[in-house]
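The next part holds the structures, each set out as structure tokens.
Shared chain: chain A. Partners: chain B in the first complex, chain C in the second.
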Partner chain A sequence: MSLAEPAALPVATSAAPRLHVLKRFSNRFKASLPAYLLLLPSLVFLALFTYGAMGRVLIDALYQRATPKAPLRFVGLDNIASVLADPGFTGAVVNNLIYAVGTAVPSIALALLFALALARTHAVNSALRAALFLPVLIPMVAASALFLFIFLPNVGLLDYYIGRLLPVLPNWLGDPDIALYAIMIITIWKNAGYYMLFFLAGLQAVPEDVMEAAHLDGAGPYQRLRHIILPELKPTFLFVTVIAILNAVTQVDHVFVMTQGGPSNSTSLVLFYIYQQAVEHYDIGKASAATLLTLAALMGLTALSFRTMANREGGS
Partner chain B sequence: MLFSRRLMLGLAMAGTLAGALAVPAMAEGPTEIDLFFPVPVDGKLARDMGTLIKEFNETHPGVKATAVYTGSYDDTLIKTRAAIKAGKPPAAVIMSANFLLDMQIENELTNLDSLIAADGTTKEKFLGQFFPALQGNAVINRSVYGVPFHNSTPLLYINADKAKEAGLDPNKPPQTWAELTDWAKKLTKREGDKVTQWGIAIPCAYDYCGWMMETLTMSNGGRYYNEEFGGEVYYDTPSMLGALTWWNDLVYKHKVHAPGATPGPAVSTSFISGNAAMMMLSTGSLTYVRDNAKFAYKVAFIPRNVRNAVPIGGASLIMPAGLDADRQKAAWTLIKWMTSPEKSAWWSRATGYFAPNMAAYKTPDMVEFLGKNPDAKTAVEQLDVAKPWFATYKTVPVRKTLEDEVMLVLNGKKQPKEALAAAQKAADETLKPYNAETSLKLP
Partner chain C sequence: MKLFDRLFRDAPLATRSEITPKLGLLLTVLLAMVWLIPFLWMVVATLRPASDGINAMAELMPSLKPTLDNVRDAWEIGDFPRYTLNTTIICTGILLVQFVTITLAGFAFARLDFAGKTPIFYLFLMQLMLVPVLLIVPNLSLVAQLGLYDTLAGVMMPFFASAFGTFLMRQAFEAIPTELEDAALIDGASLLQRIRHIYVPLSMPSFSAFAIISVTSHWNDFLWPLMVINSPDKRPLTVGLSVFTKTAEGTQAWGTIAAGTLMVIAPLLVTFLIFQKRFISSFVTSGIK
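After this line comes the complex of A and B, so read on.
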């Protein structure tokens, strides 16, 4: 028997009139059964590697050892409290906020600028688009290794060129006042080209006739941008902002490669803090608690953005 | 069409499953063991390790060892711990020598005493093969938990050409901090306020920074930690204060050392490019310097203020806890083979680390190598004054509390005295649970 024959299932015949809620539910289930079947493979893997792991984190976050040889015992929310009281965590959150805003805003602005400049498709623009997209193709770890040499104090590429202009050469990754911004530059360089793609796609969707009408009505380039293009790009903005913020939390490869959170914790981001708790401190309880807090924040953010998007679609 | 594709898929999956099930059933012949190994220096080591294990398997038909590359020292610790938790520990691991104590506290190591006794030898005799400086990181509570595999000490590297240019004799390297300060001043070149050549570079990034602080503190007569007990570090002490103050003076008083925290690779690049005339760096970088320096260089002992003393670095071979008897025996055979004089000497020449087995330096190949590369001898000679690498309960976080503060000092944001007091306080806090269970658990 083929799995693609849900009509053969006996469920549909058993429903009595007063159970019409159940019947409706079962009918709906029957109708969407093939969809569930199609989803099954990815659900299995999501359950194994995502939801299973999340469940485990939830449990681990509730247990702690008092001393190294003591057994694990249930501590409730103590781990979460100790994470929130840890200056290492709050420092990482503050760094992460600066990092998120400081990478999202410039990279989105640059991406929009690139997209507007290269919106028309011809050979030169295609080549330029490819050039701007190139950083996306370089793995973050490789890019970080490259930038490690660019940022080398005194002898690196950057100091070699701007060294002639500055009286004192900055130690890009060794000075706690500068290191986080050095890290941010890489993120902006790497992500702007990626976000440009979304804006290019968004620009394709700006209705041609509206633009033409505006042109005929004598609207200048700025007016067209301000009153037609930007409003049409709103969903793209929203989407790209969410992606940029998620990236700011989840993409920390360069912190691992270049600074390990240093100097003096100035580039420690939340994900790196979790890694340190789990690996260096070998404190699974605290690492899990910090993971839970991060997950909650990210899920809240995602839910909010999806709702905003759904509202917009429903309203239009 | 759909049906047949599903059938094919099903058959393929069944085949894979059957294959997976059949493998353990057939594993009757040699004992199969895994060796986890990190590559802390460069990619070539992975190939050398492959060569070494292949030779072992060819000469030991009863054992089939597989070398598993596990990333950095830190990654190797993570992967080993994950494997232990999953109930499938590797039979042997090349582990950073200062992680052993922490693993022993967590009950993650196999005590090697009984295996040594089963060979009909004594602990003293077994450890006697290795340089005495290396034994401190291998022995915990009088039991052997690790076998030294490759090791290093910090060295002073000098650009001999620049020294001659400045009127200094590279054959008489600085022996004291006073002499070193003097050399660094003479080797620093300025154009107005701008420094075009630094006198000296000392690395400070996580891991390296703590090691260099231990080096300077030891040369200043002090100790970094309690070698007998994992619950104490000595950050807020006169010897460490002197060490950090001198480092701070090199940066801000004498202005012969670049400000800020500079990681190891940046220091070696700076030295190779002639931007720094001297540097303190591991013997592990000797091969790199030898291959890349386009100038004459000299290596020397780390200069002293109070005494000549340096810490060791490097890695030991360990066996995780929870191995069955067969795999324990096979792993022990592998470990003894890898740390034998011939193999130890071969690995040393391939990597630049020194060979922990003293007899390695009596093998003909090694005598010839040292004749050609006398600089490799300095590292071995310095071993006479070497002492163990710091290892405490939670070594890495305890070390990091000091490093964060040292970085602030090198960036001119804190004075040495207050920085060390803060580091001591934070370290004591991290060590608290261990002390609660040991030194402060009173009847």
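After this line comes the complex of A and C, so read on.
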């Protein structure tokens, strides 16, 4: 008995709080249950098509089949290595970088110009805004169908009107040195009006009285732009740049419709490469490895921009 | 210059005489005209008779003998009624399910306190960064495993949960005074009844903003349906238009292509021109995602 008593004590003392914790936990769970049930439908689809898909990319990137019918075998990082060594992929990355800079910079610059010119709201400006916004609404595929004719050699819109001024007519979509720039024009046409909306919203934050004061102090339009408007628009710039880069990777339907990555891979972009690996070569391992690398790059970019935004908020 | 002065009459007095803003506006007006040229060509080419010949195809001056032949050809060759129906089914299906999921989840985040709220919130937030189009490869094999390859349901499924919509509804619900809900609570209304009869009716502007974003983006989706759909009769408008363009391009039928493109984008453009203000403000919020 004297042995049993000390043995029983620790059990008793430790059992009570554990029960207590358990009970508290179950109470908390019971209280949370309605919320979980409300979230369940969303969480199921998030689990399947977002997080499940991410897990799947990770796993698929580690396996490979020797032939389309052969069994899967674990290859570790071989897929990633072979994607990185594939000139098709590195070429697509380089094209995509050129495409990202070549579409983001002009479309953001144009968007800023449009927003500055159309900042005040009256009927004329609203009509102009609507005109510039129209391309945003239409599918990339429809834009491609229109630009297919615009870029058509000899009889197309561009050659018909501008061609008369040029000594030699370039083959806009057929020349490997020009095709990538030709499809950039479509993207700029389509996105500038979208980014304009964010600059218009950002401009509302520029205080009118500061602008007036600056003018009274003798600041011209450029000085006001440089020292008052642009600093005020910094968060908008950061935000629009991130969207523009995301779009440069994800909105590339015109490559599928107009050029199929050609001529000689000059318009092959990363997403098109992934599609080719998966659908045309049935190489899920390589497609997943390329997806993984792209996801990592984009998430790095978003994380970086979040940190910059957080830093700015913390600093000010 | 009279007209220009009128446009600047509400500018601050001190800046009204400056020339730079006017040059900027002039440049913008010119660019806006350039921006409209593809649309102008589309309409002119749609109405141009084939007898004008290929060399007059680029002419932006409307033909003197307008015809609807191109529209009829596109309608007959392209199977556009079927594509329109498919796109409508896809957009409506996605939107209806999204309304349910985002209302429930938005309410949970707006009004309920529960264990693990912050981590679950981040789970939603992260989805905004993972652009769905990048996950086409794993999602295609999942859709195939679920037996939904080559079905419209397969096209819709990945979009049933929407983090953007959830945040939009959370914001809308948080703005509704709790007193309204308390009154219903005293009257014995259940949780779902309170959502249905108090929160939903008071959040209609947010629902319509979300509907605009959701429908336009899925109306325009191309790559995902291209991968999931195999049978010609299940193609949505975008995939149908791309196939149609490929065929008509071979025969140089540019008037028919213009007519087909016009048919695909007309519903969106007309809706936009009617509800312009709503569209613009919805697209501004869509960026916040």
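Some points to look at:
The rule is short, and it goes like this: the second predicted complex is superposed on the first by the 269 of 316 C-alpha atoms of A that agree within 3 Å, B and C clash if a C-alpha of one lies under 4 Å from a C-alpha of the other, contacts with A are read in each partner's own complex, and residues count from 1 in each chain.
Here, a residue touches a chain if its C-beta (ideal position, glycine included) is under 8 Å from a C-beta of that chain, and two chains touch if they have at least 3 such contacts.
As the structure is a computational prediction, the values presented were derived from the model and not from experiment.
Steric overlap between chain B and chain C is present once the structures are superposed on chain A.
When both complexes are overlaid on chain A, the residue A:Y282 reaches chain B alone and has no touch with chain C.
Using the contact criterion defined above for the overlaid structures, shared-chain residue A:R307 touches neither chain B nor chain C, since it reaches no partner. Look at A:N265: by the touch rule set out above, it reaches chain B but stays clear of chain C. Of the two partner chains, neither chain B nor chain C is touched by A:R73.
By the touch criterion stated above, A:L46 is placed in contact with chain C alone, chain B being left untouched.
Using the contact criterion defined above for the overlaid structures, shared-chain residue A:W189 touches chain C, although it does not reach chain B. For chain A, the partner that touches more of its residues is C, with chain B and chain C as the two candidates. In the superposed pair of complexes, A:V155 makes contact with chain B and with chain C alike. Once the two complexes are overlaid on chain A, the chain A residues touched by chain B in the first and by chain C in the second are 148-149, 152, 155, 279. The touching residues of chain A, when paired with chain B in their complex, are 2, 4, 65-70, 148-149, 152-155, 167-168, 171, 173-177, 260-265, 276, 279-282. Taken in their complex, chain B has these residues touching chain A: 2-3, 74, 77-78, 81, 102, 105-107, 193-194, 198, 204-206, 258-263, 265-266, 269-270, 273, 275, 393-394, 396-397, 400, 403-405, 407-408, 410-411, 413, 430, 433-434, 436-437.
For chain A in complex with chain C, the residues that touch the partner chain are 28-29, 31-32, 34-36, 38-39, 41-46, 48-54, 56-57, 60, 110, 113-114, 116-118, 120, 122, 124-126, 128-150, 152, 155-157, 159-161, 189, 193-194, 197-198, 201, 208, 211-212, 215-216, 220-222, 239-240, 243, 246, 249-250, 253, 256-257, 271, 274-275, 278-279, 284, 287-288, 291, 294-295, 298-299, 302. Of all residues in chain C, those touching chain A in their complex are 7, 10-12, 14-15, 18, 20-21, 24-25, 27-29, 31-33, 35-39, 41-42, 45, 54-55, 57-60, 100-102, 104-105, 107-108, 112-117, 120, 123-124, 126-127, 129-142, 157-158, 160-163, 166, 191, 216, 219-223, 226-227, 237-239, 241-242, 245, 249, 254, 257-258, 260-261, 264-265, 268-269, 272-273, 276, 279-280, 283-284, 287.
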